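Pasting the structures in now, so scroll down.
Each of the next two complexes has subunit A plus one more chain, namely subunit B in the first and subunit C in the second.
After this line comes the complex of A and B, so read on.
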């Protein structure tokens, strides 16, 4: 088994307890929250039917049905709360994955840097671990949606719900799910590719800080700001109507794509240089 | 080894879940519709694109329907959304470098020798006044060279609130650029003017400024409002500039908070004219709808169809159309069509094409379309929107469909 895979497994192993906790919180909050929301709705319906005896069909014709999307929006805090928690945890983990090697009682970074393998494998393994954890949570969310739908169908009688509750239109229209799972696979690649670029830039900034300490911290912040400015400036110039950048939307898209690839290459090159020549424990 | 298997299983879980979702998303289609022929020539409806909304509660999906199929906004690809639409797709394809910039802010002329772009830039000096710069670009199609000119508009006349280009035509080595202006007069009634500037292509200098007089329409205590007449292909050389002129009562401030806005909203059109400016002679004529006062509740649409102008008025029950010859302002023919002529509950929208008037009709559950020859009123096409799924669910799908309007693709 090569060194890179071993390092990835090590990084995943070091985070798995916290990651499992995040998954557990997501499962309990989303399923439990949706269950409580649907029970509350049914209690309201049954209470009304006790006071005014009638069928579910009569109730639906008077008060309307409860579509799956409305049920999910009523349980929004339970559904999206853990999503936000997971995003926050993974954002923190982007920094933690490097700094915990340096901080603490033992400087674990010293042992990692002394391994008889290319130092960039450390960088790649950490990047792979972050990407895997992000995609793992996205996959969990995709798998959970049919479970939510089944729970909804189990608790809400057929007379009180629409005949069809397709999941794909729900994901396409919901602002949070639409962001997590973009409408097309090409957008999925582009959005998560932009995420990989962002993580790479932050990793480079962290390596600058670890290499040059306070000066590196300033350099890292400047590097991150400069990278963001390079990516955003063509969009600002085009939307402000500047004649100097009268380009077509497709050209702007390709320009952004090109800038992204260049920034990725620069970040990886700089990171490689810092890892091989400058980083200290 | 155990860790490796766990990690591999996790990777497979990620790939299968995300992959399955995108496979399902690509095969999950919203209901499909199309425009089908009832009678007439199918080709007549080819340029029609009907805009609609499909209600799949709690969502509303925006879609367009043609004779071939329907296309939902939410199902459009990323590249389609990035590309967007251009008001001049053919020119953008052929002269992509020259057509850079915001095409909605400019006027274009596309003749055999040149492609011309005229655009007004506003540099605000304060909230009311401004300096206006006319940007003109001329592409010589033979040499493929572009000549760009910037001219600051003369300021010795009245101070203008805004200026915008409304048309550009060529007369030999000069360009005729129609510019609409608006200046605030002391009585607070805004004053619109239409200028025709003569610009020398070789040096970019303005050699003449003809202020088209609206005196024949001016009445004491009344305000004029002008707007351009829709021309399906405004980039083609044209001998005429058409303006729709309305005489409105001046709004009075009732003193209440926001009173002016209230008064403006209550402002009514008292008289209306169609003004025809002849570029070759620099003279103008005008046409008026026979009724002395515009009828309430009628939608007014004017359309230039080459050497003719169609002036139509429509409500849900009928359409009145007058077709004038521009060369001598003579009425060529007129039509009056009622909803019963189409076995429709009401007439909801109309659009124009070359010698064609298209009507969108409400008839029970299936919205219909009719195309008429504007020269003789003959119905050349009738069609209706149908669900591609022709079984029971198709009927429900049609009930969930709400048609908003339509356009004619040129």
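After this line comes the complex of A and C, so read on.
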């Protein structure tokens, strides 16, 4: 097995307990929260039917049915709370994955930087680990959605459900799920490409700080702000209606793609230089 | 041979190494001596590519440092270099995974010699045992050169004796060793070449045996002359 793969496995092994905890929190919160929300709804329905004996069909005609997306929105805190928690944990992990090797009593950075392999493999392995963890949590979410639907169908009688409760329209209309599971390949490239680019830029900023300490910290912040400004400025110019940048959406997409590729190349080149020439323990 | 030629290093505008030049040959123990803060550790880090230089060059057997030379030169720093959560046995497995020059028989021999327990976590090791683990990880690599930063610093007398005995064993034979210390008395009899550092510069380099034979002086005597001058 080559050393890059070994480094990736090592990074995954070092995070697996926290990652497993995130998965567990997501499972318990989403399934438990949806179950409680649906039970509460059914308790309300059954209470009403106890006071005024009638069928579920009568109830549905008086009060309306409970579509899947409404059920999900009623359980929003339980559903999206862990999603936000996972996103926050992974954002923190982008920094932790570097700084835990330097800070504290145990300076693992010594050992990592003295490995008989290209130092950029450390960079690639950390980037791969972050991307894998993100995609893993997204995959979990995709797997959980049909489970949510099954739970909904199990707990809510057919008379109280719309005839069809397909997942695809729900995923396409919900702003968070639409971002996590983009409906088109272009959007996938746009969202996940932007994510990889953002992580790469932050990694470069961290390496600047690890190489030049306080000056590097300032440089890293400036680099991140400059990169963000370069990426966002065409969008701002287009949406503000500036005559100087009257372009079609596809042209804007290609412009952003080009800028993204350039920034990615600059970040990787700078990171490589810092890893090989400037980084210090 | 490790050749250090005119290296200089600044930290935040302050010069910590100025035109430092010396060499360390295989089969010899070269000792960088000086009080704390004179740049001894920085020299070792620079040799290992862990501290970028502002000037000068370093050659190992005539070549600049590259990734392949990490199979040829081992560094034992004065800090613990493995994650606190790892067990001693896992540290050995990890080294075997990444280094072709890892010698498992020697690692097992040293594990027994230093009385380290594979199930112990790195975080639970005493200062002395952590130093021994560091030394084990460095010595178990079949390298031509071994760099050690303050191997006797802050550890008890028995651990110190145990580590000192390594220097007269087959574990060091044929290798080129560079070590740093600010307390020469314990290891004076082991050192072949002394490099006296002061305020980032080399004040004197000499072969210890020659000075002992020709001038009847110990390393400590020479240090007194140089540092009090």
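Here is the rule we go by: the second predicted complex is superposed on the first by the 269 of 281 C-alpha atoms of A that agree within 3 Å, B and C clash if a C-alpha of one lies under 4 Å from a C-alpha of the other, contacts with A are read in each partner's own complex, and residues count from 1 in each chain.
The criterion applied here is as follows: contacts are C-beta pairs under 8 Å (C-beta built on N, C-alpha and C of every residue); 3 or more make two chains touch, one makes a residue touch a chain.
Bear in mind that the values here come from a model prediction, so they are computed numbers and not experimental data.
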item	value
More subunit A residues in contact - subunit B or subunit C	B
First, second, both or neither for A:40, with subunit B first and subunit C second	neither
Partner chain in contact with A:70 - subunit B first, subunit C second, else both or neither	first
Touched partner set for A:5, first subunit B, second subunit C, both or neither	first
Partner chain(s) touched by A:253 [first = subunit B, second = subunit C, both, neither]	first
Touching partner for A:173 - first (subunit B), second (subunit C), both, neither	first
Interfacial residue positions of subunit A with respect to subunit C in the complex	3, 6, 10, 14, 100, 104-108, 110-111, 113-119, 211, 213, 277-281
Subunit C - residues contacting subunit A, complex	12, 45, 48-52, 67-68, 70-71, 75, 77, 79-85, 94, 97-100, 122-123
Parts of subunit A lying in touch with subunit B, wherever the complex brings them together	1, 5, 8-9, 12-13, 67, 69-70, 132, 135-136, 138-140, 142-143, 162, 166-169, 171-173, 181, 183-188, 190, 241, 243, 246-250, 253
Complex interface listing, subunit B residues touching subunit A	3-4, 7, 10-11, 13-14, 17-18, 20-22, 24-26, 28, 30, 56-59, 61, 74, 77-79, 82-84, 96, 100-102
